[in-house]
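In the two complexes that follow, chain A is the common piece, with chain B as its partner first and chain C second.
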Partner chain A sequence: MVVTTETRSAPRQRAVARTHRSRRTFPLGPWAAVVGFGLFAFAPVYWLLITSITPDSLVYRYPVTFFPESVTFDNYRSVFTDPEIFGWLANSVIVSVITAVLSVVTSMYMGYSISKFRYRGRRTLLYFVLSSQMLPSALLLVTLYGIFATFGLLNTYFVLIISFTTFTLPLCVWMLKGFFDNLPDDIIEASKIDGASNWRTLHAIVLPLAAPGLVASGLFAFMRGWNDFIFALTLTGPERQTLPPALVNRYIGEAATDWPELMAASVLVALPVAVAFVALQRHLVGGITAGAVKG
Partner chain B sequence: MNRTTSTNHNRRGVTDLSRRNLLSLGGALGLGGLGLAACSDSGSGTANAPSGEAGQGFTFTSFALSEDPPKEWLEQTVSDYASGEGISISESSYAYNEALNQMVLQSRGGELSGVAHLDIAWLAPMVATGTLADLSEYTSDAGYTEAALGTGQFDGVQYGIPWTTAAIGLIGNAELLEQAGIDFVPSTVTEFEDVLREVKSLGSDVVPYAASTEVAQLKDFIVWMQTFGSAVVEDGRCTVGDEASIEAMTWYKKLYTDGLIAPDIERSAARNLFSQGRTAYYDDAPIGSAIVVTNSPDAEIRSKMIPLARPVRNAGDVPQALAWGHILVVTDGEESISGTEFARWLTSDLDTVLGYFDASSNPPTTSEGLESPEVQEDEFLTAFTDNITATATPSPFWEFTEYAQMETAVADSVQAVLLGNQTPEEGMRAAGEAVNGLIS
Partner chain C sequence: MTTTKNARPQWDLSGSTFRDSQRSARRISDLRFAWLLILPGVAMLLAVVLYPLVRSLSSAFFSESLLYPGREFVGLANIQAALGDDFVRLLWQTGIFTVGATVLPFIVGLGVALALNARLPGRSILRGAFLFPWLLPAVVVSFLWMWIFDASYGALNGLLEQLSLIDGPRAWLFDTTTARGALIVAKSWNAFPWIMVMLLAALQTVPEDLHEAASLDGAGKIRRFWTVTWPHISGVAGIVVLLEFIWNFQHFDLIFVMTGGGPAQTTQTLATALYDSAFRSYDLGQAGAIGILWMIVLLVLVVFYVRFSERKEAN
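Presenting the complex of A and B:
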């Protein structure tokens, strides 16, 4: 009996010991930190969503409540029935997509050149490109405004695309250079031994392998163009304005701000980027970290 | 032959920063700096009368074109005027908070043309661009009040045509004050403080005076410094740090410490508190009071709002209030006569003026407009004009191009004192030094 009892109790004791061990090692602190940071990060999004469905009469209630007493979709209806918003949406799509394409195409050639070819001044070139990131964009804006005004380019799509690309290129070049650094030279040399030209090697062999990096840099450039406020506000008039400045002009006034409609419009503005991010996040993470470890 | 090499070889990586790289980088940044310097030279000069010929198209830049409620009325009015005159008027609009920076940048770039709508506080920075026309010959016989004309003048030149003129002053809640047993208007700061203590006794849910305590609107404190006798600016120098400003700061801090004013209050929060009947006093312009009415659950709130003269330090002093208003300026050029004629019509034609008043609640600037039955029947506005606008003056800082930085310097110091990081003496002296640094 005693033996049986001991035999039966042994697994229980091991289980209890395991439980104690797991309790001892359960990483409560890190989990709490993760949850805390998560809530902190999600709070603005939550507030955005809640405000967008709060009736006008309740949005200024003081003290504030974290759960709306009643819900309305009138704000979304107002946004959807505003024909001007679709014009600004079209401007945003045109500018952001072309910026992304232009940034990827330009930076892939530049990144490849710097990564795989040896020539004088390439380091200087790399840092020269980076230097544009070291000045506050508001300061560069003054200079760019003067240049574009001189050439009569203000109030065009072109002016926004060129400006955004100026800012996206440095990071895209550095990102893709890191990606190309990681591609073994053996592949390139094998291609050349097989008779392929540099052009064919790049387009048929290297770029397909670098697809995650291209997607990541393209998404970054797209988001830069999509979210920009100050350049789009300053360099364009009402006809070419993208969504961020247009929405501010539309909903924020001297004495009052139409917060519910502004928040509803902001949700709609954020959706395309969120969808693109979710769809491409695997490539994005892979692309960004591609140049991080050399081996 | 093969220029392709591995980046994995053991040699200095391409991302290492050499002295040559640093020099290259310095050169690039230097070129950028030169570019900025080239764009930042002052363009101020002597103003000319509008030139060009009448009957030309122009651009009308106005933040009111993107703001409800005047947006719809204004677009239609501009369109009707353009049709009637047989000209084209392009419309351009920026959000209020972005408008000044955008217009200054456009002006310096030679891109701002036609008529521009300004807050009266923005006149000095716009004059500094050197692009505005002198409109005095178009304003002398249009019936504007002298006070309104003054809001468009700088260094004796009439750069602006007044569109609306009022003030930012103290508004009380008659119902709440009655509940506190107050049946008189406090005329001195001592009486005012006593009244606030009576209101406080109504309960902790009530903020007796929703005065600005958030840095964004702490420029309101400048009026209290003037109330205590500080000139704020005298002979081109900032006097903040003098005895009167320290006394004002000490009083304001006492209100804060005693819970008579509350932390983290800016204009929007004050309006919300007032609209919900939770504060007895707050500071606002007539346009803001319309927001209170819109947001209030109390349908009768408008009738309970009493505009009152700001209490004075000593009986007999002149009550202080900050002037508030909008003006239209015209950039000199081919279209400036057309633009000036439009600006004068928009601000002085009686039907148009009353249409704008109806759409925006903003008071007109002509004697005829102010005396019209439509305006006179607005009891709130009439009381506001009599009690507040009558003695309002522009901010002493508005004569400087850097007025916004000066207001921020004062606001930072006031907040430091309220939070207990500085004594009133330290805070006010620091503010004065900071402002004088901006003047020199």
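Presenting the complex of A and C:
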């Protein structure tokens, strides 16, 4: 600042005036940034949606038409009337829902134990759980394939569910531990003084209070199962495959890709997660940031 | 065992009262309960993470194939082969992807977070909307960007031609000079929302009066960012960058779907190379060897992380 000749109070007064003014006027800088970054974030989404409702004759045309003159829902019709795609969709739903439920049950027990009880090895356990998140899954996949093959379990729902559930544990345990940490110990003490067992205290008193956290971690686990590609690709065949690897096998090949139909199928894959997210947004953003900002 | 140690006062009657012994009895049942609760999770982690990890890493010292049973001890031969098999090139390519796909989304994420931290109407709706790219499954992100980068009818070529920035269509994903950059852009688009949310949460912990005090002292926007905002968010920023780095280092989906490691192996990383060794060449020994080298790099990263968080705690 080159205001050395002025008196001390002059720049202060000017600064006061400036902050007051900037609060009242339109925040131009932030809005320009939002629009600029927004283009980067949403132009691809626009392209995804627009391609899925554009007739083939307009999609495969040179130069590219960014605003098509006509609209069709044929691409969605062919996706929704395809029995194969419906089969994969069912696989995705079964695997992801069971993964979510199992993961919530397992991680709420672990999170509660780590949060509310003091025992030796507790910190080690927490670090073990956290560090397992850093392991390259491709490396584990190689041996898991061998193990599952030995037991004749390849191409079953079980292998996907058990793998996904285990891989979501670190994040879910961490999230739920944070939730339980915030619950005052007095509630648990009071319930015990009333004569309730540990088991009853957990299920009747603690869990209802932790419901938002359970929902958030359940959605994370659901997304893990729903979005996974590499495990489902490797551990299952066409009958038990979930949508992501099945769509890659179906559309990405040597021959020309049917892009509009693939975009329509992509919307189908993205929709459940997007809808669930919009419904649970408030809990989720808290869940995403829970560990890092506090720790 | 912990239980017996805690239970000792029950028999040690010298100075103990009735209440003491009752409390320690409750302690035992509490402990048993606590252990019972972690049992299912621990069992799963041991079976699906720890055992496969040890087994994978040990295959590095054996000649082993997915095609037939049995293994034969070969010592360091696999690791030597992996190190010779242009490992440096693989590590370099992994490194470029990892750094690019961490730095670019960090810049975008920080920019959006700072913009949304201002008093904008509809800020929380915008925050939710900006999260959208992060929600999409990796294969959808891959499909979408493959279509955008398409050589014949891709949106990027169309846009750049209309702006007269290129004079003919380019095959972004099949060109050895652009394929890696294209992957980084796609990954950044997918990753920046998570970084944004984390940084936005950190920004909300910055006390407002500090900002006002600094601006009263005549500090400009940039100066205020470095003296007031950054010290408050640097901890979270460090964690975010490190986690992104570790995740990108092992990233598989986008690379596998969009380029399959091509063209001419230029987008191959440790993750896709390991997968190819195991499931295309069926060579588990080779895959294990890449895994060992990978773990060594990861260990170095974790040491950095621990150092970093210790320093943060000391402050």
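Definition applied: the second predicted complex is superposed on the first by the 254 of 295 C-alpha atoms of A that agree within 3 Å, B and C clash if a C-alpha of one lies under 4 Å from a C-alpha of the other, contacts with A are read in each partner's own complex, and residues count from 1 in each chain.
By our rule, contacts are C-beta pairs under 8 Å (C-beta built on N, C-alpha and C of every residue); 3 or more make two chains touch, one makes a residue touch a chain.
None of the values given here were measured: they were computed from a predicted structure.
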Quiz item: After the chain A overlay, clash or fit between chain B and chain C?
Solution: clash
Quiz item: If you stack the two complexes on chain A, which partner ends up touching A:P27: first (chain B), second (chain C), both, or neither?
Solution: second
Exercise. Applying the touch criterion given at the start, work out whether A:P83 contacts chain B, chain C, both or neither, answering first, second, both or neither.
Key: neither
Exercise. Look at the residues of chain A and decide whether chain B or chain C touches more of them.
Key: C
Quiz item: Where does A:G152 make contact in the superposed view: on chain B (first), on chain C (second), on both, or on neither?
Solution: neither
Exercise. Would you sort A:V248 into first (chain B), second (chain C), both or neither based on which partner it touches?
Key: both
Quiz item: Which holds for A:E189: it touches chain B only (first), chain C only (second), both, or neither?
Solution: first
Quiz item: Once the shared chain is lined up, is A:S115 touching chain B (first), chain C (second), both, or neither of them?
Solution: first
Quiz item: Looking at the overlay, what does A:P208 touch: chain B (first), chain C (second), both, or neither?
Solution: neither
Quiz prompt | Partner chain(s) touched by A:L126 [first = chain B, second = chain C, both, neither] | solution = first
Self-check item: First (chain B), second (chain C), both or neither touched by A:P238
Solution: first
Quiz item: So which bit of chain C gets in the way of chain B here: 171-179, 207-215, 243-251 or 297-305?
Solution: 171-179
Quiz item: Do any residues of chain A touch both chain B and chain C, and if so, which are they?
Solution: 60-62, 114, 117, 119, 128, 131-132, 134-135, 139-140, 142-143, 145-146, 234, 245, 248, 252, 257
Quiz item: Given the complex with chain B, which residues does chain A contribute to the contact?
Solution: 57, 60-62, 114-119, 122-124, 126-128, 131-132, 134-135, 139-140, 142-143, 145-146, 149, 154, 177, 181, 185, 188-189, 192, 233-234, 237-238, 245, 248-250, 252-258, 294
Practice problem: Can you check the complex and tell me which residues of chain B touch chain A? | Solution: 2-8, 14-18, 20-21, 24-25, 28-29, 32, 35-36, 38-40, 63, 66-68, 91-98, 102, 105, 109-111, 119, 268-269, 271-273, 275-276, 278, 285, 287-288, 290-291, 294-295, 297
Self-check item: Sites on chain A touched by chain C in the complex
Solution: 1, 3, 11-12, 15-16, 18-19, 23, 27, 29-31, 33-34, 37-38, 40-42, 44-45, 47-48, 51, 59-64, 66, 105-107, 109-110, 112-114, 117, 119-121, 125, 128-129, 131-132, 134-147, 162-163, 165-167, 169, 173, 198-199, 223, 226-227, 229-230, 234, 244-245, 247-248, 251-252, 257, 259, 262-263, 266, 269-270, 273-274, 277-278, 281, 285, 288-289, 292-293, 295
Exercise. State the interface residues of chain C toward chain A in the complex, per the touch definition above.
Key: 2, 29-31, 33-35, 37-38, 40-42, 44-45, 47-53, 55-57, 59, 66, 108, 111-112, 114-116, 118-120, 126-133, 135-140, 142-148, 150, 152-155, 157-159, 161-162, 189, 192-194, 197-198, 201-202, 205, 212, 215-218, 220, 236, 239-240, 246, 249-250, 252-253, 256-257, 270-271, 274-275, 278-279, 284, 287-288, 291, 294, 298, 302
